[in-house]
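Below: a set of structures, written as structure tokens.
In what follows, chain A forms one complex with chain B and a second complex with chain C.
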Partner chain A sequence: MSQDRTILVCAKETPDTYSDLSFSASGVQFSNPRPVLNAYDASALEEALVLSEAHGFRVHVVMVGPERASETLRKALAMGADEATLLTGAPKDADSAVIAKILAAFVQQFGPDAVIMGRQSQDTDVGLAGGMLADHLHWPWTTNAIGIRFEEEAFWVKRQGDSAQEWIASPMPCLITCSNNLNDPRIPTLKGIMASKKKPMHLVGIDQLPGGDALSTLAPATTIESLKPMPERAAGELVEGDLETLVDALMKGLASIPETGVGS
Partner chain B sequence: MFNIHDPYLFEDELAEDDRMIMEAAREYCQANLEPRALRGNQDEIFDPEIPKEMADMGLLGASIAEEYGGGGASQTAYGLIAREVERVDSGYRSFMSVQSSLVMVPIEKFGTEEQKQQYLPKLASAEMIGCFGLTEPDHGSDPSSMVTRAVPTDGGWVLNGAKTWITNSPIADVAIVWAKVKEEEKDVIRGFIVETSWKGVSTPHIKDKMSLRASETGELVFQDVFVPETHMFPEIRGLKGPFTCLNSARYGIAWGTVGAAEFCYERSRTYVGERKQFGHPLAANQLPQTKLANMLTDITTMQLLAWRLGQLRDAGKVDPAMISLAKRHNVGKALDIARIARDMHGGNGVTGDYRVIHHVMNLESVNTYEGTYDIHGLILGREITGIQAFVPKG
Partner chain C sequence: MRVCAVIPCFQEELRSSSLEVLTKSAAVASSSSAHVEAWLVGPTAEKHSSKAAQYGAATLRLMELEVDSEAKGVNVSLGRRIVDTVDEFMTHSAAELDANDPSEDSTLLLFDNTELTKDILGACGARLDAPVIPDVVDLSWDGHHCIAQRPTYASKVMSEVHAEGSVILCSIRAGLFEPIEKPVEATLHRYKAPESDLLGQVLKELVAPEGDTVDLTEAPIIIGVGRGINDETGKDLVAKLASLIRGEIAISRAHFESGMYSHTLLVGQSGKVVAPRLYLALGISGSIQHVAGMSESHTIIAINKDPEAPIFDLADLGIVGDLYQILPALIHALESTKA
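Take a look at the complex of A and B:
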């Protein structure tokens, strides 16, 4: 197959999960201010690169973010993607709904044969953008991929269930959201990093996309009321005494848990 | 927010390429080298897969020209790689430094086109391992007194002598050897590319090192070794040859020891945060806090020194004394930090598991090799006073 077919990988940059963080009125701050490529999207990209090596797909990576995000996108090029597009000018408070609409406009204009992306981002763990994008595109969507192969003009997606695995065949074009158990994404090599400078990276304002004017003023579907650090766990109570005392204390403890307090 | 790993945010000042190379090297080292470090040190294992892995990542000859299989990256990138490798183990960094700076650099700088074509791509891909022979059993800080000698013969030279403390020699395919030859009645130091498979070359392993145990160290012994004329560096004469290589490696050490110090600081910070005595974490006491503050202050000076030295090398504005200053300062501070980290870990600090004593032991060698702490002091002293004090006046 020649490189006239394209897999589009949608990627997001997220804060470094190994970074220390602190909370303040202005939001969360990270000791390492440099964002990283979302690990789930890195798995999606790795799979796209493997499919490309076997079947000759062209791999294009798209990201919605500020101009500074080009460094994160360059990592995708350094890993081996052929081309990248950074969509700039999204509203600052963009949530999954806004991002999905922007990506849908890009995909409709670009016309890839498949979209592969992480099932969620490692910072918010929301996991809605993929599903919303598939809905906008009216494309078949396969979730939580732990394996992908390309056969008979279809993407075969292996999904993990509780007790079994299933293979689903998706005709093109289709959208696949990936688990991070899919693979071990490659580390960019020095040669890959140097070569990435010569690969095309397009900076496109979202107002240039179809329906662009409306995209830049999209209101998020969600609002964050507050952001707080995880509450510290209350200290446990140490009960000492004979068996009867211990059982008694345990029964009292169980009775004091509200019905809705466990497993709901 | 104050960054407790990079207080003056030098990483933000790096060029994008350099920062990407740093992050890729960090990812490789933490994922692939760190898990091997404890056993590598305890059992004196240099995993033979490591050279190929580093080569595949492009870490060998990172700043050598791309046309010879190198990475074409900046000097700063080379230094940042050394920092990441030495964060794990100075022994692994020693392997990388020797291959890149002491073997590939002289071939690129002093070699003929044929020599470059023949050796550099194979060294970059780890198809060949290299070593560097300058130090002799009786001539360490004073290499100009070397006794290894090459005498002319039909079509080349006959080499006799012995070199010691040679990183990589037991696993090397090729050695850069510095030897004396007679030119117009005078002894002149010349450089040769010697293959270890040639008749008369042996590379005995040095046993029972207590430092850099995950790095192969040995001797190079030459008994009537025939070296073809094509294997001599054509132009370079005198100590300028080996010192050019050493300057490159010493620069890498100035960066590498930043990584070793950062590792010891980070381990200490974690340890005193978790370890409780008298009902409170050790970190709640003033002594551990000021020890950590001292470590971070020193690490910051080390980072900024290495970063600026990298800029100067990239701009071609380096004087060797600048490298002496940074090598001496950074290794000395790293060794202090490692020893204090060992102390802060109490009894646990002597076990391999925490790996701080591993760095203490390694840095004892790093403080000595590639110009001892005191010799670099004398290089700086000569610059400052205009008087050389290497040769005693007594």
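Take a look at the complex of A and C:
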């Protein structure tokens, strides 16, 4: 067993994007005002916990966010993580590049054997932080994991590619980003919630990290200027009726698309 | 000023997503009076160079790499080396541009939005210390500022993202830009492959289950299969329909769990994002997560027995009825027109 080894899960809190959304002068609002643990990061944490149960890794969760985000981190502890760190003091409009630089400083100081994180966040769907962090660390990385094994002192990742799946083995330390199709993250039990209150949660200002002065003043190179409703698709025709009517409508619809080869 | 289309080259034919990237590069360049380059990386770089010139790239930079033939399009063989190549091309060509005209020293790099690119785009941005805007559906660029539109919040919100810098990277969503030929005389630069450092990674196995040979982002006709198809009879009907209308099959999350289809076929926020000419949704209710993967389709036709199904809100044509009655009748009608 490798009790001294650690998997670091990098997590983010996001709005509950699956609740109802409305637009206002200040941007978008969700009917559930409480932020949630990004679904992809929850899958990453679940997988880290499974690996921990089988191979004895310690699981540490790190998040860049305001002090309020400690509530979301506490949920990660309730799921079963051993310890958590909240990195505070990042610019409010930090983009992936800024977050990756902050995380790189933390990882270099902390020295985990693997970093596992979501492949993207469920709000902006950007999906850049993992690759950026790996390049800063000069670590091997694998994205879009739909399966992870620990074998022969390496992390074996089943990656979903464009038209096939790849089993890729990486030596430690390495970085993995997860699909949310990897697993169903566990719901914290009451016992887990009670235990989480006694687990260590560290609040660290980013100015205390190596190179911290520079980190606190990083300016994001990308900014979100506006959020607008998606252009509505023109309302289509809804056809009900007997089988002949339905098939007739379908044949006409298919024939209007040359690539189908129908009616040509 | 230059717009560079970064093209991974590992297949016999250049992918249509690559032609779209070239077309968009030429369009952005012409509105900003910039030069168009194609950066061709991979085992078939040489082979695709004339095609790149045909689509408007006046400068071709070629990095012909040997990669393991078993694993042509994968991260450990090609992806990692695209990051190194982009870095190398920037270093080399920046010196070139400086010598000619320092005012030309700004670069927009355009990528496709395949899984191969998603794997490496962040690393490319970090390596060049340049801003990255992924998965855009439209963009403009004036040499130092890029303004891009990208769907966010599970495709419910269009974000306008601004980036500033002398080097900016963007990936563009496939299926939205019609490839347009624009033949030019091109100059060719060949580069020597750098030492590759795979950082100890090893490809252990390539798993290509049956039906996994399709690259959905390239398909003009996609048949999305949802919960409404729930047995082998239904699966056979779908397969028959697919062959009659030249469609490729995709699945919603319901079939990710059913085990009836390969996981590679998943379309949605957590699967492939597609924008085909036609998306034919069969028994798909239209969950937010699925819609995020197909709402940019040019035409959507949906068949569902529930008239209240959310998919009908975005379908150009909605058919309310039982798939197990409609599909046999539709197949019969299609066969009689072909006979």
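Convention: the second predicted complex is superposed on the first by the 229 of 264 C-alpha atoms of A that agree within 3 Å, B and C clash if a C-alpha of one lies under 4 Å from a C-alpha of the other, contacts with A are read in each partner's own complex, and residues count from 1 in each chain.
As a working rule, contacts are C-beta pairs under 8 Å (C-beta built on N, C-alpha and C of every residue); 3 or more make two chains touch, one makes a residue touch a chain.
None of these values were measured; they are calculated from a predicted model.
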Key: Partner touching more residues of chain A, whether chain B or chain C   = C
Request  = Quick one: classify A:236 as touching chain B (first), chain C (second), both or neither.
outcome  = second
Key: Touched partner set for A:124, first chain B, second chain C, both or neither   = second
Chain B versus chain C as contact partner of A:171, first or second or both or neither = second
Key: Residue ranges of chain B in contact with chain A within the complex   = 1-5, 11-12, 16-17, 19-21, 23-24, 27-28, 31, 56-59, 62, 66, 71-73, 77
Ask   = Can you list the chain A residues touching chain C in their complex?
value = 15, 17-18, 21, 28, 40, 95-97, 100, 119, 122-136, 138-144, 146, 156, 158-171, 174, 179-181, 221-231, 233-234, 236-240, 243-244, 246-247, 249-251, 253-254, 256-257, 259-263
Request  = Give every residue of chain A touching chain B within the complex, in rising order.
outcome  = 20, 22, 29-34, 71, 74-75, 78, 187-194, 196-197
Request  = Write out the stretch or stretches of chain C touching chain A in their complex.
outcome  = 71, 73-76, 83, 114-116, 118-127, 130-135, 147, 151-165, 198-209, 212-215, 217, 220-221, 244-247, 256, 263-264, 266, 269-271, 277-278, 288, 292, 295, 299-301, 303, 307, 312-321, 325-326, 329-330, 333-334, 337
